[in-house]
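Just below sit the structures, each encoded as structure tokens.
You will see two complexes here that share chain A, one where it goes with chain B and one where it goes with chain C.
Right, the complex of A and B next:
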């Protein structure tokens, strides 16, 4: 585990760069984390991030199918928002652990 | 995904030749898992695997209850092959397996294929097997990209860090 200052806040990260404590997250951190992945976040991105954070807080197992049925975006849209890692990158930017699901 | 400094996998070409739940889902899970991780995926369905992309059959695939020594009744009780031969047992077991998968958010075959193509994965059918089973392109799921010969499929399997997987 390492500590890093992102957007003025000190956060704990694991070896893969995922935030260890979801409560340390804020929008500015998300913008910075997204930049590291080469992405610019829109309101739509934030809707997905908020959904993921809420699901994580409720201890739900996340899948792209679940996000696709959330009403925010369909699976195709999710791939467009987070290319190359619809669940991996979105979780990372949302400040929640790397999803442990195979779907 | 980068691991131990190795150069990461870029493309998987998956061949599915069997039409049971376990064979088809192994293919679908691996293909979907690839596109979710940013790995290109091309899936080639041949022989009985064609059932998974044939409109009339795709959501009716079953698992065989005969000749499968790993088949056990709930609670780990033995499941003799002779039981599996009784009418309705195969259908019942298959329904049970599908409901277990649904609980884990694993979708039906058609929806699973849609998830794969939504992520840029490509689905192909084998020409030779289609001729054998007297199938036409119209019999296939609409998003099947093309009907290919084996040579045409191999031509898509080039490039560094590409793997061919036979499920």
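Right, the complex of A and C next:
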């Protein structure tokens, strides 16, 4: 685990760069984390991020399919918003743990 | 009479019926089990059917052979559970009241969830092997197939028996080698996971195994649709994979009955406490096996280990004690790798599959994360154990909780 100052706030990150404590998150941090992934966030992105944070707080297991059924966007839309790894990148930017695949 | 009702007479429900019938006072308790189907399938055997190692007759027996004679069995379709009223409604209008309910309705393959899967190529060049019909159709197809691109694709997570697709490509590799046409068959393993398996140490071992067998892995492929005309798999981010023969794990979902009852998540799996195995909504409902949303493998071994915990907690609940038994997510899976060899993994919620020996530390006879002949025998003998010991709820010499004894926490 490492500490890093992002957008003026010190946050704890794990080895893969995911935030360890979701409560340290704010919008500025999200913008900064997105920039590291080469992305600029729109309101639509933030709608997804808020949805993910809420689901995470409720201890719900997140899947791409589930986000696709959220009413915010469909799966194709989610891939367009977060290309290359819709749930991995969105979770990272939302300050929640990397989604665990249950096998 | 107090009433225990079990929904589902598959591996989980049958084990539970046997355990409870032995333990409970027959003057005091009435046990009822509901299932709409009369045939019990030995599902781990489906994997062997496409290669002619097993046939249909090797994997089926009547469900009725495994239920204790004092348990009331209703072969009916379930309409819904009404948790507030502690009642279950069957499709034929029967209403069953219960003191305790055990949901063991499993998971189902849903090829209808993916556009194009049930198109004109279904069971002509597109096959599932998670149903008896699919496995038998694939056996027929392979008998005369002369080669081409064989693609194994996993549609969605979670799915039943997460190692089966890896076993399938390994067995296919051996099958076509023995047929003398391996050089004409190009095998590709397509998965939404970042690698061959989720956990790092097992992924490393299994990736090497697939590489040695010249099986390609396409990771992070999330299937959107299948084009029957062009014979192409298409992902949500518009990657295309052509195939000549496709074997597929369709989307898995829990029973629609769960949805009608308002007990499930978006995949119709029952919201379940992962440690006590009690429903998150109703204190007198417990969930066993694939029907639950607990974060571990959907597999018979998990249902077997969880059954012991559920049994303890149900006894606690009956006698108004706190639910002290805690499930650790223990799973134990043989992995057939072809040529009479197999690997074995043993893990739980917190501990990933590690190398070592099983079940006796330092002795075995089975090797964890190793490719050995004895592991293969373990898998073949398991069918006998399944029918004669496991389903009948008899004791097995393996603890419900995973143990670290015999495991080495290092990279192989």
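Definition applied: the second predicted complex is superposed on the first by the 101 of 103 C-alpha atoms of A that agree within 3 Å, B and C clash if a C-alpha of one lies under 4 Å from a C-alpha of the other, contacts with A are read in each partner's own complex, and residues count from 1 in each chain.
Everything that follows uses one rule, which is that contacts are C-beta pairs under 8 Å (C-beta built on N, C-alpha and C of every residue); 3 or more make two chains touch, one makes a residue touch a chain.
Since this is a predicted model, take the numbers as computed values, not measurements.
Superimposing the complexes on chain A yields a three-chain arrangement in which chain B and chain C clash. When both complexes are overlaid on chain A, the residue A:66 reaches chain B and chain C alike.
Once the two complexes are overlaid on the shared chain, A:76 sits against chain B and chain C alike.
In the overlay built on the shared chain, the residue A:17 is in contact with neither chain B nor chain C. With both structures placed on the common chain, the touch criterion links A:84 to chain B and to chain C. It is stretch 225-233 of chain C, out of 225-233, 315-323, 333-341 or 369-377, that runs into chain B when the two complexes are superposed.
For the contact definition in use here, the residues of chain A common to its chain B contact set and its chain C contact set are 61, 63-66, 75-76, 79, 83-86, 101-103.
Looking at the complex, you find that chain C touches chain A at residues 156-158, 162, 192-193, 197-199, 220, 222, 224, 236-237, 265-267, 293, 295-297.
Against chain B, in their complex, chain A makes its touches with residues 61, 63-66, 68, 74-76, 79, 83-88, 101-103. Note for the complex: chain A touches chain C at residues 60-61, 63-66, 69, 75-76, 78-79, 83-86, 100-103. Chain B makes touch with chain A in their complex at residues 29, 32-33, 35-38, 104-107, 111, 114-115, 118-120.
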